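As written, the chains take the letters A, B, C and D, and residue 1 is the first residue of each chain.
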Amino acid sequence: MTPKAIDVSRLPAYAFGHRSIMWWGGASLMLMEGAMFAMLIVSYIYLKGRSPEWPPGYFAPVLFWGTLNTVVLLASALPNHFAKAAAERLDLRRLQLWMCVALVFGVGFVVIRVFEFRSLNVWWDSNAYGSVVWTLLGFHTLHLVTDVLDSAVLTALLFVGPLQESHFTDASENALYWYFVVITWLPVYAFIYLAPRLA
Amino acid sequence: MPAIFQSALHPAGPQAASISHLWWLMFWTCSAVYVIVIAALLVAISRRRMDTRPSDGTLRTSVVTAAGITVVILFGLLFASVATGRAVASLGAAEALVIDITGHQWWWDVTYENPTPSLQVKTANELHIPVGRQIRIQLKSSDVIHSFWVPNLHGKMDLIPGRQNLLWLQADKPGVYRGQCAEYCGVQHANMALTVVAESSDDFERWIMAQRQPAPPPSTPEQQHGLQIVERGPCAMCHNVTGTVAGGRTAPDLTHVATRSTIAAGTAPNTRGYLAGWIADPQHMKPGAKMPSTGLSAEELQAVLAYLETLR
Amino acid sequence: MMEGATADPRLEPAALAREARELARTWREPEGFIGWFSRIDHKTIGVRFIVTAFCFFMLAGLLAAAMRLQLAQPRNTILGPDLYNQIFTMHGITMMFLFAVPVVLGFGIYFVPLMIGARAIAFPRLLAFAYWMFLFSGIFLYVMFLLNVGPDRGWFSYVPLAGPEYGIGKRADVWAQLVSFTETSGLSVSVCLIVTIFKLRAPGMALNRIPLFVWAELVTAFMVAASMPSVMVASGTLMMDRLVGTQFYNQAEGGDPILWQHLFWFFAHPEVYIIFLPAQGIVSMIIATFTGRPVFGYLAMVLSLVATAFIGFGVWVHHMFTTGLPQFGTSFFTAASIMIVVPSGVQIFCWIATLWSGRVRFATPLLYALGFFMVFIMGGLTGVMLAAVPLDAQVHDTFFVVAHFHYVLIGGSVFPLLGGVHYWFPKIAGRMLSERLGKIAFWPLLIGFNMTFFPQHILGLMGMPRRVYTYPVEMQWGALNLLSSLGALTMFAALTVYLVNVLVSLRRGAVATENPWGASSLEWSTSSPPPPYNFHPAPTVTGREPLWEPDVAERPVVIGLSADKRDVLVTQLMDAEPDHRKEFPEPTVWPFLTAVAVGGLYIGSIFTPWAVVWGAIPTTIGLIGWAWPRKGNQPRHLEREIAHRHRAAAEHA
Amino acid sequence: MPSSTSRPVSHERWRLAAVWAGLLAGPLAWLTLLEVNYLFAYVACEVQRTWFMHLATAAALIVVAAAGFAAWRASHGDMTTDETLTHPLSDETRMQRSRWMSLAGVAFSIWFIVVILAMEVPIVVLKECQ
């Protein structure tokens, strides 16, 4: 006899959210990146605990640029949200539009980040405090830059590249990763800018 | 020389003793567990009578029971280990003898603390301690992480740059106990030993008195020549000999070097022959050691040896 | 009862054969020089991982032999201190980073997709990238070693010994970048494994039906993902301290050497379980097969794996008991380190119960599993001793510890792995290994192992510290060291026999059938070696032991996956319900090129921080080439998809 | 097999939450307790008291026990059928899996209660500043 069968030919060729393997890939990536941020923050707390004064021997970083950047970043969640929604509606035109807007935010953020580094009031080699602050900020900047590049490539693909379902899932995952960059920034901001003031 | 003179199983002090009790408890318990489990395994694989195949219920009961027993045993061992820890950490008398030990690549700098600085004693790679008296050892490092370990007296404690660690110990029987750096500290980690001489308090007092004296003046011309070389030659740049102009601080204090049993932190016995070999070519006996070759002529070398032998 | 359950023309033998030919075309591995660098099939990459890892195993073994030669007698002068310190460091990092982790992941890469009935592994290109990173790391390390720049600060590379002030030269940087290399590789593999196990399981393989080996690999992948970031941060900060003058570990500037130990051991203790959990998975598969019954206590087995993983993250401080941390605080880690014994104990009890109630067949794989019991249990028990703060203060950093972790790692990991090679060789190579040679290799290995490492327990208690290149005559450690060295020689001979067995059997071994051992898991339901597309038609699962279930004949199969593209069925996380079809990527050389770029970046950054900047450019290009699609679907196809989606949305409303 | 008794979806959600609570509460509570104890050890030495450490243990125990109980509850009761499923044995599969996970949650909670109790031993035996 011929065995019974499950016919999967009518199943869709893509899916969004936790149904898609891209989502899980992104989630695992975020788990690892998140663990690294956690480790750096733990190191920050540890060094802070070892030091009689904090920040040791230097002024706390200037609030202005970092706070401005926080505002920009939170605002960028909006175009990001629309891009994600458009992607999951397979709405190419809107997706292209919002990806471009989100990209502008991203670039703006990177530019402001330069001023942030200049307003830290300490050098990475001044002491352990300077080292951990620069590393935290630098590590977040790394994510920022990579995600901006990623979005740029994806946007370019949406305009010129051959069209595929996967682009929509990728765009949706890319949006998710941007949320990750936004969310990780909040603790980083708190530790770089607020912790020295609380101590 | 005693059969085993650097052993955790031959305790000569209260801490090492209670640790070795814990060891034997663990040893016998774990051996019993091992034998029982392996026996069960062998029975399991050698069973041939498949008709008596136990039901899953029986298996579940046995596994759960075994797991329960394991938990009970482990709680017992946990309690024993923490209780031992409490006992080991119980020293801390106010009238303890305080010794500063600073780790260097690859030797031990020893200072006997004393309220009056003139009564402090500096020596290297060899401690003398009075039997029955509590010793408070303050551990520091001048370069990398080392670890102070005299197994017959106590477990090890690290010497960490930028920190000071405390180790309390006490010797109950007189004897010579060897210790060794136990934290990998670089190319000559293997040759960073120290000797602990536990002796009666009278002997100890006699020793410390002698150590407080400056170096005796040389008597024979050869010894005087030796002193000149030590003072003017390369030695004085690193070594200190109290009572002479040799005031180096980056290498072992030589004021009473002739009283020590070993040279180069336990690398070789302190005999004229070895000492000659060590001074003539340190890099041969202890490759990578910080002591450079002195480039002394044979005659100069003999003079230096003659002088060093007077440093009692 | 279900749609599409009736007899289907696509299931006629002729139709199936036709589709199989088409699948073979679609999933074929690229040929030729470029093609060889472009392969992404999980079986190809898995074999590459396993073979490469075992090559490093041999190298590290030779280094070990050199060490045993030097220590065979007191005041030996075969190796000088500088070379010896390089060798013991190289031995450690090779075994940990270049053998143990890659090989256990390699087995997962090859067998997880087969065991869960998947066509492929998730993110095959990422997997290829991971392999190249791993290979480059090994080549990099050994080239540096030959240039006399091999790391010599121990595999733990403690600061300040490895810091800018005392770690002069480039040796410590080589260590740091080797870590960056291998961790990049390990993290990538863990992503592939996690997603594969979550989303590509055959329909019906709910969480409670996943084979124990797959569970072990899943737990391991999560441990990798959670622990390796810690050492990435450690090695990164160490590099910065050495290269751009940051002060993380400089106590003079507010840094702290102990921070390094926390960061390192938070990774390095879980690392032990990363190495050892998959091996436990192998033991479970072997024992089930050679007792002819499922491993007793599936739930307990799975929970033990997960519990070990969680508790494994709460014991790292027991490597730091002698650093002067307050005993009150560290004792909690004693409690954890002692309690972690229970899960392993439960697993051992379940295995014994399985053997007790099963029909034992003494094939060579089972022999190695039994060797695992003999050796590993002792290692576990000495582990309990090391968990006790006072006792650890005595034996920490002595040969007692060396003995302990060789019992744990060789017993807990290498023995099962050697058994696993025997067990799965037929599936991989299509030929059986010689049972006789396998047994001939086993006994001297077991005896030689105990001869080598048992005396080291005693040496440690007699006060012999680790990492010493020589010891004085009067210490009376000579006899036991000589015995240990002779044991090493015996092991060496045994492993040579094992190697000969593998090489000979590759050519002359008896040809293997689909399921030579009569095992129960899905990898045995396809040909040996499996076709590039793994299964056709794709299987479904209704129980834990698919090939032993009564319904094995009339169990439904999956049809409707296109054969003209790399179509893979994605299922739901918990119950493995069919969810959607995902087109998988074609082979490409881009992952290799990206790995070259990243490797250049890592190696360059040993010499100048600017390498990070310049290396970023080719890396970016590589990633773009990697992600850029080659062929697009026709717009009509996509419109159909969109229409389908809107229809679905309408139905939902 | 009692598979067709229809229940609201919210009920399924609750069951799922309970199951995951049973699986995760144990390890997470224990890991948190470990870190908390490690920090409290320093505090205890300063104030020469340990009652707050016992309190932490108790809190952890309560959390885990509650989660375990929820998981146990979840292992009972029927499940709703889901017509959209394509697999022949889907319902049975889902039910077995769900029960299995609940059991796992219960077992895991019990086990971590034991581990948490082990953490009490040092607090009871050791002096604050050792």
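To be clear about the criterion, a residue touches a chain if its C-beta (ideal position, glycine included) is under 8 Å from a C-beta of that chain, and two chains touch if they have at least 3 such contacts.
Every value quoted in this text rests on a predicted model; they were computed, and no experiment measured them.
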For which chain is the distance between its Cα centroid and the global protein Cα centroid smallest?
C
Greatest Cα-centre separation from chain C belongs to chain B
By the contact definition above, name the pair with the higher C-beta contact count: B-C or B-D.
B-C
Taking the mean of the CA coordinates per chain, how far is chain B from chain C in Å?
39
Would you mind pulling out the distance in Å between where the CA atoms of chain B average out and where those of chain D do?
48
If you average the CA atoms of chain C and of chain D, how many Å lie between those two points?
30
Could you state the distance in Å from the CA-based centre of chain A to that of chain D?
32
Check each residue of chain C and list the ones that touch at least two other chains.
2-5, 203, 256, 300, 327, 331, 334-335, 338-339, 342, 540, 556, 578
I need the residues of chain A touching at least two other chains; which ones are they?
4, 6, 8
Among all residues of chain B, which ones touch two or more of the remaining chains?
71, 74, 78, 82, 85, 89
Given the complex, residues on chain A that touch chain C span 1-15, 18-21, 24-25, 28-29, 31-33, 35-36, 38-40, 43, 46-47, 50-51, 56, 90, 124-132, 134-135, 149, 153, 157, 161-166
Can you check the complex and tell me which residues of chain C touch chain B?
80-82, 85, 152-154, 158, 160-161, 165-166, 251-252, 256-258, 296-297, 300, 322-324, 327, 331, 334-335, 338-339, 341-342, 345-346, 348-350, 352-353, 355-357, 359-360, 362, 370, 373-374, 377-378, 381-382, 384-385, 387-398, 461-463, 465-472, 474-476
Chain A-facing residues of chain C, complex:
2-8, 10-12, 122-123, 187, 190-191, 194-195, 198-200, 203, 225-226, 228-230, 232-233, 236-237, 240-241, 244-248, 250, 253-256, 259, 262-263, 266, 537, 540, 553-562, 569-570, 572-573, 578-583, 620, 624, 627-629, 631-633, 635, 638, 641-642, 644-645, 648
Would you mind writing out the residues of chain B in touch with chain D in their complex?
71, 74-75, 78-79, 82-83, 85-86, 89
Could you pull out which chain D residues touch chain B in their complex?
114, 118, 121-122, 125-127, 130
